[in-house]
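Each structure below appears as structure tokens.
Look at the two complexes coming up: chain A is in both, with chain B in one and chain C in the other.
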Partner chain A sequence: MTEFSMEVFQNEYLAPGATTMDAIVTVTARGGSTVDSAAGNAAVVLIIDTSGSMSAPSTRIRAARHAAAEAIDAIRDGVQFAVVAGTDTASTVFPAWGSGLAIADASTRGQAKEAVKHLQAGGGTAMSMWLARAAELFGSSRAGIRQAILVTDGENREDPWLLDDALRRCMGRFQADCRGVGTDWIVSELRKIASALLGTVDIIPQPEQMEAEFRVLMEAAMGRGIGGAALRVWCPQGARVNFVRQVAPHVEDLTGRAQQVNPLTRQYPLGAWGDEARDYHVCISVPANNVGVEMLAARVNLMTGDQNSGQALVKAVWTSDEAASARISPEVAHYTGQAELAANIQEGLDALKAGDERTATVKLGRATQLAAQSGHDSTIRLLKKVVDVEDEATGTVRIRKNIDKADEMALDTRSTRTVRVGNKSGGDAE
Partner chain B sequence: VVSDVTPCPSCGEEVTDRDRFCEACGASLPLAATSVAETGATVTVRAVDAQTCPNCDASGSDATEDGYCGLCGRRWSPVREHDEWVDGPVAGVTDRGIDHWRNEDAVGVSAVDGDPSGFALVVCDGVSASQEPQVVAQAAVDAALPVLRDAIADESLEDTDFEAVMVDATAAAQKAAADVPADPDMDVGPGACTFVAVVVRGDVAVYGSVGDSRAYWIDDDGGVTQVGNDDSLAAELVASGRVTLEQAMAGPGAHTITKWLGADSPDPSPQVTRLELGGPGVVMLASDGLWNYAPDPEALAALVGSLGQEAALDLARRLVAFAEESGGADNITVAVGPHDLDLPAPASPVIGTESVLGPDEPAAAAASALDPPAADDPGAGPDRDLAAADDLADSDADADDDSDDGEKEP
Partner chain C sequence: VTVTCPSGHTSDDADYCSVCGVKIDGNGAPAATPAPVAPVTDPSDPPASGETCPNCASELEAGSRFCEVCGYDPSTGSLPEAPTAQPIAATNGNGTTDTGSDPAAGAAGTGTAAEADAAAGAGPAGTAGSTAAGTGTAAEADAAAGAGPAGAGAGAGTAAGAGAGTAAGAGAGVAGSAGVGVAGGTAAGADAGAAAGTWVAVVTADRPYYDRNQVSEVQFPLGVPARTIELDGANPQAIGRRSRSRGTSPAIDLAGPPEDAAVSHTHASLLPTTTGGWELVDHGSTNGTYLNESPHPIGANEPIPIAPGDRIYVGAWTKITLELRPET
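On to the complex of A and B.
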């Protein structure tokens, strides 16, 4: 059984008149990833881009076939699965059209691997069709954990509203981890899909790296014992949620995903959970109160389905003791910095693309400084492939000449990854 | 103990006397009636539903189990918001006050059937900086009162035995207080409380005290005796002659007590004092939530005014209302036992449904007695003499500043 534990880090003291309360809520799950827990309750759909671009170079489609076979091998017995080939339409490669999802065993895995051997590249790229097909396949399943793995090498060739519309219809029905092969795909496009479907996004620079990545993704998908977790936030009358933001393992603003439970309670879907820890930054506006008053600014519950699996209290106490109210929680400060780091990288890279080197230098310099301050070594390494660092402490950098596109995209896709406060394990796994 | 388990008044599922909410139907529960059945007293508890959040007027049923208003989030527990105990001529009132989020005081009163001179009173004040002080205080009262009540009803005992009885009652209270489970990993120590009690039979009163809750004897000539001394740093300073009472009460640590009941009490033995009651008067116990606003016994006696005009319950209510009007910085508890006085019936109707229970009646009956009350404002009570009370309060404004009541000496 998965057990959740929650902890709150905050400075609960507010100065007279102060109305903003920040807190970091950590959620840790343990004991859920036994091998059999996912089987029977998990469904996986592998979506492979087979558009024309996958044949140039031809190593791509061949690598995709191998990687798909490898991923299929990693599917545990009892897990429901399907393989979809995506072009300007979507075709179910396995199982046969109309039979929903197959149940993994030696025989079905063998048939699926045989089917992916014959994948051919040709045609356009219409991701909304791919997602619609995945939704249709998942719709035939009662599995609690529904994970799609989407791999593409190119840009979506549809009107943007089609993808937005498809995402709206897929949200909450399954999750999707997205991977881009090579450098001809658009980071913001895959990030949008991954973000809406509670998944991750990353680059696979070389086709031959697909195999290993597929296996990792498949293992991760099946390692999750809890299907639909959600953060439920109660705020008192007169207070409101400024934002709820996941801050580890990566930054993801959840504020816009709120579902109203009752007038004082909102729920934020978090998707499936394995044995892992995630941190959330909750920021609440509270009505000002008299010195000495203690109130509950938020009650944060971790819900698994309808079940309450953990609780954390965010308090607010007004005090005239300036030393107490002026202190900033180190956890809040750390994650505020990590969110700023992600924003600076993305804004810096956007400026670079737009040819505004001045802004890019300022933003990426600030990012370097923030990464150095928080000991975010992997991000510093990625930054150094885009900028020459003169001084980490002051954030003095120069944009490099001849930046490798893959390095720039890697920095972009990984910009939202954070280190946990105090460099605890978990946030920065590579 | 009568029973730990009673049916929920709403749905009939079993609830324990420590539950504040029914787990089956979610209804808020009135206080457990254990003490009622054991002592024969009448308790009038305002139903949780009828209480309102001090900040937003939400109903007490909106209060959460962990002590917050479910609407505005203010720290608040409606348990013992305002409880009134009556047994024959004696009465006790305990109230949350204004500033504190919950009531950590507890009170118990008991009179002897057929002997108008026999009664017992107990007041305990939970130490805020300790674990579950509100539970510890109630447990101490619940344990001590039956010992005292049984002794005064026992005709084989002489008055000269009452000092020993008081020691036994204190020991029972200490055991109950120390038995309340505590978490060794918490910042604050195990639950602790003060203890003050009195037994009266005939013309003899025996008082016992641990901590800084007070006992008084006020005779009908206006003479007043504070029985015994506070076990507090302030009292020690005054006794040493180095500071005046006013200076001590204004200084830091005015409410730091040097003795208390609880698992970590270094010395739970009571000061025991015998008093011959020469004539008519009133025996009174009070937590510091009241006497903070009248630390000088003469001032308190002036506040009480001429005796024989009002029932014990009315006097106790009036004093509680005075402390609230004066600021209500702490929980307020008063117990009153008239001696040799012919008193009128309570002037104002008792709020809610009253029920007198004998020792043999089931606790379930007590629960049904705790129905939602009438619409009258129960907290106000009669407001005569409040003007005089206000004057008193102004001269003692310093007491307001000291909100860190009930600290134990390290």
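On to the complex of A and C.
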């Protein structure tokens, strides 16, 4: 049985008149994957891009077939599943159309693997149709954990609003991890899908790397024992939530997803959980109070379904002791820096695309500095493929000539990944 | 077991007050004696804090972060940002009538006073009718009639139909009279109960509105595709521009690209009503909120009921059309 524990890191002391309270809330789940909790309560839909571009080079569609077979092998007995081929429409490759999701066993896995052997590339790319088909398939299931894995190698070829519309319909109905093969896909597009559907996004630079990635994704999906977790944030009358942001394992702003529970309480969906830890930055404006008053700025509950699985208290105490109120919680400082790091990388790469090398140099320089300060070695490695670093400490960099597109995209997709405070392990839960 | 907090609230929690958050000691005594946290009473009459604004010397309200007079934030020592664009002149050269200002027109000529009154009281019902008239389709006329406050409680299709018919007449100055008869007539025979459906906001860049505003410092954005945003009937739907620093992330986000910079960060909101409809409220935006083709902005902080087909104009070029799409 999964057990959650929660911790709060904050400086609860506010100077007289101060009203902003920041806190990092960490949520850790343990004991979920010791039992095979996923089977019977999990559904997986594998969505594979089979548009025309997948045949050029032809290694891509061949690699996709192998990778799909590999992923199907990783599906545990009892898990409901389907395979969808996406073009300018979506066709269910397995099981037969109209029969919903298949239940995994040796026989259905064999049939599915046989079916994906015959995948052919041809046609356009309409991701809204793929997502709609996945939603339809998940709609036939009662599984608590619903995970789609979407793999594409290209750009969505439809009006942007169609995808936005599809995402609005799919939000809360299933989660989706997105992977882009090669370098002809658009990072912002897949990030939008992954972000709306509470999943991850990454690049698979070479087709032959698909197999390993598929297996990892499928196993991660199988390893989640809790379907729908949510953060429930109560704030006192007169207070306001400035933002709620996931800050580890990657940065994701949750503020706009709030669902109002009652006038003082909002709930933020977090999706499925395995054995992992995630950190959240909660920022609250509280009404100013007299020196000496202690109040609760936020009561943060972790909900699994309707059940309260953990609680953390964010406090505020007004004091005239300046030494106490001026201190910044190291955890809050660390994650504020990580969010700034992600923003600088994305803005720097956007400037680079727009041909504004000066802005790109400044932003990526600042990113290098922040990454160095926080010991974010994997991001420094990625940055060094895009900039030549003269001095990490001051953020002095030069944009490299002849940047490999795959390196640039890897930096972009991984820009939101963070390291935990003091580089604790578990920064990347998957 | 409920506890009373030092400020006098009835709290569900024993540790901190579940209303104001103040710490509760074991016996319900105040945690820190000099802490008379004022219970929040009528928000329209906030208690004074006894402190004055360091910027304009007005008396500050207790519990309010900003000075209500000049907007100064004592905690950060900053004044509100200057408006992002010049106020847009509310000129409208078309000589259109202000549809909301003549609700009596809606009541006149209908047989059932109650329903007709409801339609008239809604104000924008007239404009809803006018849209139906403009498009001339029976389905939309039907939806407009059913979803307006008139139709909400009215089982009688004819009553609502009459409402829509007259409303269309009232709105004729806006939409032109051509389709009015058609819309009214069709709606009259239709079922008023067909209000169920999904409310969506369609956001477009509107050239005629932009031209009327005559803002030379803002370019009209070309080739902007229409965006359809499904409204979440459980929550107020903010209209504005997202801002990380201000912590705004409105449901109807006009930060683009392309960004309509003449929209305030917190500009207006659509508020769900208990009957499944919506009200529009302007939050004192810099450049105002215009409903349908009215040359006058709606009043700040006054919720106005709206109906399917209503057009909300904000910023330099943004048009938001509200539609009630039938459930499929």
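In the analysis below, the second predicted complex is superposed on the first by the 426 of 430 C-alpha atoms of A that agree within 3 Å, B and C clash if a C-alpha of one lies under 4 Å from a C-alpha of the other, contacts with A are read in each partner's own complex, and residues count from 1 in each chain.
The criterion applied here is as follows: a residue touches a chain if its C-beta (ideal position, glycine included) is under 8 Å from a C-beta of that chain, and two chains touch if they have at least 3 such contacts.
Given the structure is predicted, the values throughout are model-derived calculations rather than measurements.
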item	value
Overlay on chain A: chain C relative to chain B, clash or fit	clash
Touching partner for A:Q237 - first (chain B), second (chain C), both, neither	both
Chain B versus chain C as contact partner of A:E294, first or second or both or neither	both
Partner chain(s) touched by A:G17 [first = chain B, second = chain C, both, neither]	second
First, second, both or neither for A:L313, with chain B first and chain C second	both
Which partner reaches more residues of chain A (counting touched residues only), chain B or chain C	C
Which superposed partner A:G110 touches (first chain B, second chain C, both, neither)	neither
Footprint overlap on chain A, comparing chain B with chain C	235-239, 264, 286, 292-297, 299, 313
For the chain A and chain C complex, residues of the former touching the latter	17-20, 159-161, 164-165, 168-169, 234-239, 241-243, 253, 255-256, 258-260, 264, 283, 285-290, 292-297, 299, 313, 316
Contact set on chain C toward chain A in their complex	13, 15-23, 31-35, 37, 40, 62-65, 74-75, 225-230, 234-235, 242, 244, 247, 249, 251
Parts of chain A lying in touch with chain B, wherever the complex brings them together	235-239, 264, 286, 292-297, 299, 313
Partner chain A, residues of chain B touching it in the complex	55-56, 64, 66, 68-69, 71-75, 99, 101, 403
